[in-house]
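These notes are about the structure you will find just below.
Letters A, B, C and D name the chains as they come in the text, with residue numbers starting at 1 for each one.
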Amino acid sequence: MRNMSVVDRTRTGVSATSPEPDSGATAAPPKPNAFECKRVEVYYGQKRGLNGVSLDIGKGEVTALIGPSGCGKSTFIRCLNRMNDPIPGCRVVGSILLDGMDVNAPDVDPVELRARVGMVFQKPNPFPKSVWENVAYGPRIHGLANSKAELDEVVERSLRRAALFDEVKDRLHEPGTSLSGGQQQRLCIARALAVDPEVILMDEPCSALDPIATAKIEELIDELSGNYTIVIVTHSMQQAARVSDMTAFFHLGDLVETGPTDTIFTTPRDERTEGYITGRFG
Amino acid sequence: MRNMSVVDRTRTGVSATSPEPDSGATAAPPKPNAFECKRVEVYYGQKRGLNGVSLDIGKGEVTALIGPSGCGKSTFIRCLNRMNDPIPGCRVVGSILLDGMDVNAPDVDPVELRARVGMVFQKPNPFPKSVWENVAYGPRIHGLANSKAELDEVVERSLRRAALFDEVKDRLHEPGTSLSGGQQQRLCIARALAVDPEVILMDEPCSALDPIATAKIEELIDELSGNYTIVIVTHSMQQAARVSDMTAFFHLGDLVETGPTDTIFTTPRDERTEGYITGRFG
Amino acid sequence: MAQHIVKAFDEQLNSLDAKIAEMGGLAESMLADACDALSKRDAELAAEVVTGDRKLDQLEEEVNDIAMRLLALRQPTAGDLRAVLAALKISSDLERAGDLAKNVAKRAITIAKAPPVTPLIGIVNMGALVQGRIKTAIDAFVARDAKLAMDVWSSDEEVDQLHTSLFRELLTYMMEDPRNITPCAHLLFVAKNIERIGDHITNVAERIVFLVRGKLPERERHKEDDSSYTEVRPFKKEN
Amino acid sequence: MAQHIVKAFDEQLNSLDAKIAEMGGLAESMLADACDALSKRDAELAAEVVTGDRKLDQLEEEVNDIAMRLLALRQPTAGDLRAVLAALKISSDLERAGDLAKNVAKRAITIAKAPPVTPLIGIVNMGALVQGRIKTAIDAFVARDAKLAMDVWSSDEEVDQLHTSLFRELLTYMMEDPRNITPCAHLLFVAKNIERIGDHITNVAERIVFLVRGKLPERERHKEDDSSYTEVRPFKKEN
């Protein structure tokens, strides 16, 4: 969102059920969606963790998922690249299309899917290898580079995109774990970028970071948006407000409200949304 | 701070070096201090982690310590109840008086000190025992209650003060660890309150909690202030703004600026403070 | 809306509301007293209004101060943020309304010195009308009643019409007798000031609607009175 | 002050500054055109000023909108917060300044219809003075120059003095010939409007000082002109 003036940020409100067209002659053409999710339910055994969530995620946009603990936001984001698969007894119902492709179709390889839809976690988790190896690993196993020279190029480009190269260019062969927390998180982002994803999922990416490291990640998110679709789960409403174009508020497994972030934080429609963002929930 | 109107919150600015008296005839009488710290330095071996910090902490007030990772705020708070003692090679220089008593004097029992100056940590850490046992443990080992009935009374009173009793009164004999994260943190606060402390230190008490649980802890801090002196370390500047009467900004082991929280967040004196709280630091 | 989990936040927001209500009451009574002083030629009462304006200025500063602290310390969003912004805007309109009432009072002092030549009933009626609008606007603010605020918002035209006819009337008096010129010139400003207090109350109503509904009233308001375009010619033409 | 780590924050704050500068430029040229229309009896130019005011209203709404979003989405503190609050206050003063310039233009249309009886040089001079103060105030805002803002803040008295003497002069013209009453009554308001634009610029200067220094100017400002207390008696007394 960084290149948009504040005034111009009145996007089409994507409603929880169906997108509403802009009224009037100045309506922008509909933006393409990266994900189109319809009536997504998640069951853990008999227990339903997500009650039929329909949400479109705009291409190149930053979408923030917010809500109290247990609201389903993490469950939902994990559906987007099938991170729930390994959980025993977990079952996903409904349709999740990535560029029209059903991510849950039997012929979809979860490993390929996770290259297209990368993920960054709460705690930075670099491999116990060098900075260089951390970034080169993905392109190598996905066959995206054939030579050391090509790999060097991918590593540098990915580190630059993650706004980390200048800080680590003389430390490429030191362990990734020797970096500061904020640098480690940007290394994890570089690692995700190295396999040329379309989408990057971030699950509380800054909760272990201090405000300066957090601001650097937030600036990076701004820079990546446009070129990448970003979905971020965050406990910090302020962070959702700062980084996202669209915000979706979850509560007790329901998607309560979704819309342009500035609308959600100035004039939300649902009283539960207003209660949550203003600190009124019991 | 909850009973103060916003307008009346113009407290005397406590300067980093020496308190300045209010000017004019309407000056309030000087507030008593819980802690008076002078030129506190902390060494880890040869490395100095705190560069001569002088800071008074007002009785019954909430003081927030803020600053980027490695700034010394945690090192400083741990000096207040000698939590640095067990760290090999760690040495504290300077004077830290609690109600006039030198906390580092050889005749001070650290266990007794930590009853007067309780501590709550980032991750809630209840003992692997019942809710009741968690709270009763301290009063029992400090001989503050002689009978089961007296202990029951102390447990209930402490849980009420921690705004937890109503939520757990039917679960007193379930494990403390069965509570939600926010309840566990309030249980840890109840445990600290049970031994009748003067001061409660809190080191990032909400960083593992969601916004609702965080708001409940913040409301609890408001309720406890006045009766207890509270010192809180937090990465969240917004939390410091919300909960504290006084804010101290640390940077690279220095206490850069301290003053009433509203002054720090509206008109800080030092450019480094302004840079940090407005997100300008490189 | 439910209470905040952090009670101090509610107390601080309530203190803003209380200051606004106090400012509204003060502006209302300043206008009433100024009109009273005008019709009773009571320079002493007028002087009280002039000094009373300081309290309103001070309250506005307090509102600014509380609002700044709330924004810095509580990071309000949604309805809470709109409440803080409404308080900032409304307090500045009420402060200006008070300023204008003060100016009415100042001119009442000057007018009291001139012979009582003109009927003041039109001005006093206009004052009463605007005074009622201040009261209703503050009621609407306290009750977060957008419908009531819309009533206030729509009721400005009557004031504008009164003002335009007063303008015409005062010019006629001035032409009748040059001795009327000084008092009537001041009365022109008195009438204009009251009309402008009405405009500020219209602004207040607008902010209340925004506070409650999150958007401004939609239809174009017929805002300006016509007095700026009004011409009156002397009875006896000399050419 | 250094840049924010998050560049979009700087861009959004800068967009506020740009809107304020645009509003200042617009208010300045509206006042200049209104005074020009007045002295040249140019009803067409005056009509342009009247319609041009809509742009200023729209810019004020944009400033309100950006400010609200900044507060909701960025949680500004310290100097950033003061900048947002200053923009909110200054935009409302500039909008009102524009309103007053528009009213000058409206009256210029009416005055152009009456025979040209009074010298307008005093009013035009006053307009130029205030126009200069608008320009300097906006320069001070853009440069965050509290000293320059203090100059603007202190320079209001000259305008007030000019206004009081104009008031006296216009009343005298009205007494000389009843045909002067309508145009001079409008000129009374023209002069008052310009004086009040000056007051708004004083407010702007005050907000700049608060923005830069974190506190308002200290000494009590000599705020009001004396025209409200001015009496002029007819030359030929009839009693």
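Keep this in mind: contacts are C-beta pairs under 8 Å (C-beta built on N, C-alpha and C of every residue); 3 or more make two chains touch, one makes a residue touch a chain.
These figures come from a predicted structure and were not determined experimentally.
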Between chain C and chain D, which partner chains are common? A, B
Chain A-chain B separation of Cα centroids, rounded to whole Å: 35
Give, as an integer number of Å, the spacing between the C-alpha centres of chain C and chain B. 49
Separation of chain A from chain C, taking each centre as the mean of its C-alpha atoms, in whole Å: 51
When you check chain A against every other chain, which residues touch at least two of them? 212, 215, 237-238, 241, 265-266, 279, 281
Residues of chain D that contact two or more other chains, please. 4-6, 68, 72, 75-78, 81-82
Pick one for the touching-chains graph, please: line, ring, star, complete, other. complete
Flag every residue of chain B that touches chain D in the complex, lowest number first. 237-238, 241, 265-268, 271, 273-275, 277-282
Quick one: which bits of chain A touch chain D in the complex? Just the residue numbers, please. 1-2, 5-7, 9, 212, 215-216, 218-219, 222, 238, 241-242, 261-262, 265-266
Residues of chain B touching chain A in the complex: 68-69, 180-181, 207, 210-213, 215, 235-238, 276, 279, 281
Show which residues of chain C lie in contact with chain D when the two form their complex. 61, 64, 67-68, 71-72, 75-78, 81-82, 85, 88-89, 92, 103, 106-107, 109-110, 113-114, 167, 171, 174-175, 178-179, 181-182, 185-186, 188-189, 192, 216, 224, 228-234, 236, 238
Can you check the complex and tell me which residues of chain C touch chain A? 1-6, 9, 75-82, 214-215
